[in-house]
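Each of the next two complexes has chain A plus one more chain, namely chain B in the first and chain C in the second.
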Partner chain A sequence: MDLSTLVYGLNLAAIYGLMAIGISILWSSVGMINMAHGATFAVSGYAAWLASTAMKPVIAAAFGKTLLASLATAGVVVGVALIAGALMGALIYLLAFLPIHDKPNFAVRSLIVTLAINIATVQALLFFFGPRSRGLPKIFGFGRLEIFGVSIRYDQAGTILCTAVLLLVVLEWLRHSRKGLEICAMMQNPEGAALSGVSVRFTALPIMMVTGALAGMAAALLSQTIFVSPTAGAIPLIKGLTIALLGGLGSVPGAVLGALLIGFLEAFTGVIPFLGQRYVMFIQFAFIITVLVIRPRGLGGLLDDTRE
Partner chain B sequence: MPETARTETHELLEIRRLTAGYGPLRVLHEVDLTVKAGERIGLVGLNGHGKSTLFRAITHLVGWQQGSIRLDGREIGGTRSLGAGRRTSGIVRLGVAMAPQGDAIFPGLTVRQHLDCGAYPRTAWRERRTRRERILEIFPPLRALQDSLVGKLSGGERRMVSLGRMLMVEAELYLIDEPSLGLAPKISRAVMDAVWSLPTEGRAMIIAEQNVSLLSGRVDRIIGMHAGRMRGEVGHVALS
Partner chain C sequence: MVDVTQTKQSAPKKLYKVGRHHHDYRLRPNGTQEWSRARLPFTRRHWLKWRGINNPRTLTRERVLVDKKPLWWTLSLGALLIVTPFLPNAMINVAAIFCMYAAINVLWTLIIGTAGIFSLATLAVVGMAGYAAAAANVYLGVPWPLMFAIGPVVGLLIGGILALPSTRLDGLYYALLTMGVAEICRIFVTQLRPLAPTNGSINKVGSFIPEDWFLQREGLLLGFAGAFVLLLGALLVFRLVNSERLGLLLRAAKTGREDEAFSEACGIDFRRARMQVFLISSAALGVCGAFYAMYYRSISPSVFSLDQLLLLFAMMVIGGLGRSEGAVLGAAIVILIDKGFVELGPLRIMLVALIMGGVTIFAHEGLTGARQQFRNFRNRKKSERRAVRTEKGGEVMPEEATEIADKQEIYYRRFNKRLRDELKTYITPELIEEHRQAPLGRHSDTLERVLNYFRRGEVPDKYAILRVDGSMDRFRILAFSGERGAPPRVVDDKEYQTLSEAYHAVFLLRVNDLLES
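This part shows the complex of A and B:
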């Protein structure tokens, strides 16, 4: 076991964190568990693949094989994944939120509708693209860099850096913008927010677009390691959901902490000789169940207690 | 009678045969109430007899209701079984502001952010600094706490923040649910003094309280409530 395992864990935590934070924010503000988050991930991956394939000759003609060409490709992949994720979030808003948000048992109804959207989307992707996996261009290039004697792959460094920057931007937006204030109020006290004139109907759209964009970013980053396929969103969805639960649904710091713990747990379980990759899910779920038995409110509850 | 000059006396709120409750439980039974602009009304009754439910029905925080609620002649009552709170923001934008019982606060926001939340409706947002300044004049202890997290404040300070948030909404009708609940007598008096200092010109205020002595001499009328029904004005009809 060496320090590169830590970097691998951090890389996984970054991707899982993007999924978990989106799920957590959506639950605490809108009261919806978005089971179509995995579909958003897959659609964003395919959108980025389609765009990068279409733009490849254009970028090659304009920039040749220079650094600018790599930057343009990265911009296309990340930009299209973000936009596709946001648009998918808007679509889920139209299909799974708007028609039922004022009906009783919205939480259960929306869970079923988003699950249906997830299944339908996976089937549609299979219909249009087939089961074959597609590879996204390596937006961070090939190679390694040495930091304090630790060898880090470009894609790992890029993923960790991009996630940190994106999360910082989202958190600052939540903290300082008017829309962010509105979302924070809804997350902390939906009744109080309603009494302040905040409409869940209108606030849900930007929330779903932002969380969709986070899933899109996760797709662009994870697709540097694995291939894009119709079912590519299933594992990130499961990991995102369980991490959001582990972190305490609704707690952004809890989700970040949960993502770090699960990322490191996955990385370290994989390198322990008598365990290995086949025990990763087993160990993760055993860990999550143990934490939730001891702390039913998850790590977010623990953080709240510490703060108080 | 409060000293505030009355400029308008039109009927601001008219409630007729309002029945409301939670799921199969009916808490309010055929409630009638008329409130005129400029009036301060005290609503008294024991715990669990429908004072808060009346406020929650007016603001649509109760999922089921039947009957009529008219604000300035406009019907805001609903007979459809909508999800609780789904129409509340619309009611607030029409001019109803409420400080619910206990601490309806956002614990992770600062006092400044919390007050700004009250100014959420678009026209109020542009004037939020002026309004915030006005609130800080009414509740001076909040001035030094503007950057503190609301979750870390004392009970009295939280109540001030909650009332402050309500006042940031430029409303015609203020509903204040047990502002002194759970507070030490000294803090309670300070909070109530702040409540009485609020201007009511052209506006109306209904204050729910269990402690009648806090209301007497400070409101225009005190109405009793028992078992979800109006029992008439205190002084004319004895409370059960």
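This part shows the complex of A and C:
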């Protein structure tokens, strides 16, 4: 076990955190568990792959093999992933939120509808693209970099950095923009927010799109390490969901803390010789069950009581 | 309703049928004989829920079947039982799998619906019980009938472990925990080499199906018969738990926190009741697990997979969460799509997902709740249309009429309404002028009719003339309260010089009331 394990853990934590925070924000503001987050992940990955293969000759023609070319590729991949994620979020809004948000049993029904969207999307991706996994262009390039004697792969460094920046931007947007304040109001007290003139419908749409874009970003980043495949969203979805629950649904700091814990746990479990990669899920669930038995509302779970 | 309004030939009015069940078939019992009803052995319950009623219109005695569900159950399960032996082998297999999954679903419904515990570890319980029973059979040489004993014991054990945190956690947190337990079970089974040497599965399990019949037509039919009995058993467990004491206790603590607090205050230990339901259904799921291992003569880790769980969940959702008929109907639909149309490939999973999404978006409580939802919708539309077509004013609405016990009241109110409508056409300036000129004495026929109607009015709000301070030239108008001891109220502060003027003022007030009614 060395410090590179630590970096690997941080890398995983960054990606899972992007998913978990999306799920957490969505639950606390809109009151739905988005099971289609994994589908958003997969769709964004495929969109980025399609766009990058389509733009490859264009970029090669325009910039050749310069630094600008790789920058343009990175821009295309990240931009398309973000946009595809946001569009997928809007689609989920149209299917799983708009028709039923004022009907009885919204929480359970939206969960089921998003689950159905997830399954249908994965099957559709399988149908159109086949089970073969695709590799995205490496937007951070190949190579290693030495910081304080620790060697870090470019993609790990890039992932951690990008996630930190993106999360900061989103949190600042939540704290300072008008829409963000409306979302915060809905997270604190949905009924009160509705009474003071915050439209539930028009606030839910940007939330869905932003959380979808976060999932898209996670897809673009994780695909630097693994490949894009139709079922690629399942593991991040389960991880994101468990982390969101571990952190206490609705608590962003809790989700960040949960992501760090789970990321490091995964990294260290993989390194310990007699456990190995096979036991990652086993250890993780055992850990989460222990935490939940001790703290039934998760690490930062305070909001849950008000939601009931 | 008797066709009262048709007597008025000039304006025939469309009459609407009254009541909600005018096509209902009703038994006419022989009133001279006693009603003897068969009872379920050893209980005081009757087989079917017949109720004797008096038809308020025809005044005859009738019998109504209040709960028709047992008939539907008998019809559908009987049809399955009769049709299956004539099906090709593959479809017999599908029918048996349907029965098995329906049984698991019914028991799961008990956990989610009756106990209100959102557990996703159903298949984990089934799988662990199946593994334990299979291992006991293969490695310890336990004969197959004893597997049906090992299954529920292991199921009870796993259920007990799962039930412990259920009092502390609720909702999604508990769902997550159970999902984790399922995953842990899967890894436990695949990694435990001595238990399952080949790919985590145990093969060559002994079974109630003889080995040389396995996958033959006889074996399939026997398997179907077993699965059918399993389904009947699951339904029996559901009936015994959900509609008897435990289910009734839990119904008080069903929906929210307030209800839980309320039932606790009533002395219902709902936590204990939930735990009991959970344990009972876990033990029953253990039986399903043992059956599963026997039916396939093997068991593999795919029991624990998330896809399988989602498929089961889709069945319940499509049928309607928390209803046994929903669990069975959903299982029928999903199994038919999943196992019946194998040639469709991955598309059939998509089809299941689409059905699931569609049903959830459009139906509030799955397909089995659609009927009630449609009725609610139709009633709403009906009342909207009725509100458009009915004019207010004392007339009884058809739906209201079924609720009024004294039918005389309905006719009186209808008569009054028609009378008022008629009288309103009499009121003309000439009539008022006639009354002004001579409030007392002989009147024309029309005025006499109007006055007669006024005189018959009820005492509450009837007008009276008050002589102010006993003088002969100051009169005011009062209205009676209609209650003994409550003083009349003064209508306005106008004073009239002569009695005739006062009479006419009362007349005008009444005309005003009539026209406004």
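As a convention for this text, the second predicted complex is superposed on the first by the 300 of 308 C-alpha atoms of A that agree within 3 Å, B and C clash if a C-alpha of one lies under 4 Å from a C-alpha of the other, contacts with A are read in each partner's own complex, and residues count from 1 in each chain.
Going forward, a contact is a pair of C-beta atoms (placed from the backbone, for glycine too) under 8 Å apart; a residue touches a chain by one contact, two chains touch by 3 or more.
This structure is a prediction, so every number in the text was calculated from the model and none was measured.
Model built by superposing both complexes on chain A: chain B and chain C fit together without a clash.
Shared-chain residue A:177: touches no atom of chain B or chain C. When the shared chain is aligned, chain B and chain C each come close enough to touch A:103. Of the two partner chains placed by the overlay, only chain B lies in contact with A:199; chain C stays clear of it. In the superposition on chain A, A:53 makes contact with neither chain B nor chain C. The partner of chain A that touches more of its residues, comparing chain B with chain C, is C. In the superposed model, A:290 lies in contact with neither chain B nor chain C. With both structures placed on the common chain, the touch criterion links A:188 to chain B but leaves chain C unconnected. Across the superposed structures, the minimum distance from chain B to chain C, using CA atoms, reads 9 Å.
Across the two superposed structures, the residue set of chain A contacted by chain B and also by chain C is 103-104, 308.
Residues 165, 168-170, 172-173, 176-177, 179-181, 183-184, 187-188, 191, 256-257, 306, 310, 313-314, 317, 321, 346-347, 349-350, 352-354, 356-357, 360-361, 364-365 of chain C are the ones that touch chain A when the two sit in their complex.
Put simply, chain A touches chain B in their complex at residues 101-104, 106, 178, 181-182, 184-185, 188-201, 307-308. Residue ranges on chain A touching chain C, taken from their complex, read 33, 95-96, 99-100, 103-105, 108-109, 112-113, 115-120, 123-124, 126-127, 234, 241-242, 245, 249, 278-279, 281-282, 284-286, 288-289, 292-293, 296-298, 308. On the side of chain B, the complex with chain A involves touching residues 59, 61, 63, 81-83, 85-90, 92-93, 97-98, 100, 104-109, 113, 116-118, 120-121, 124-125, 151, 165-166, 168-169.
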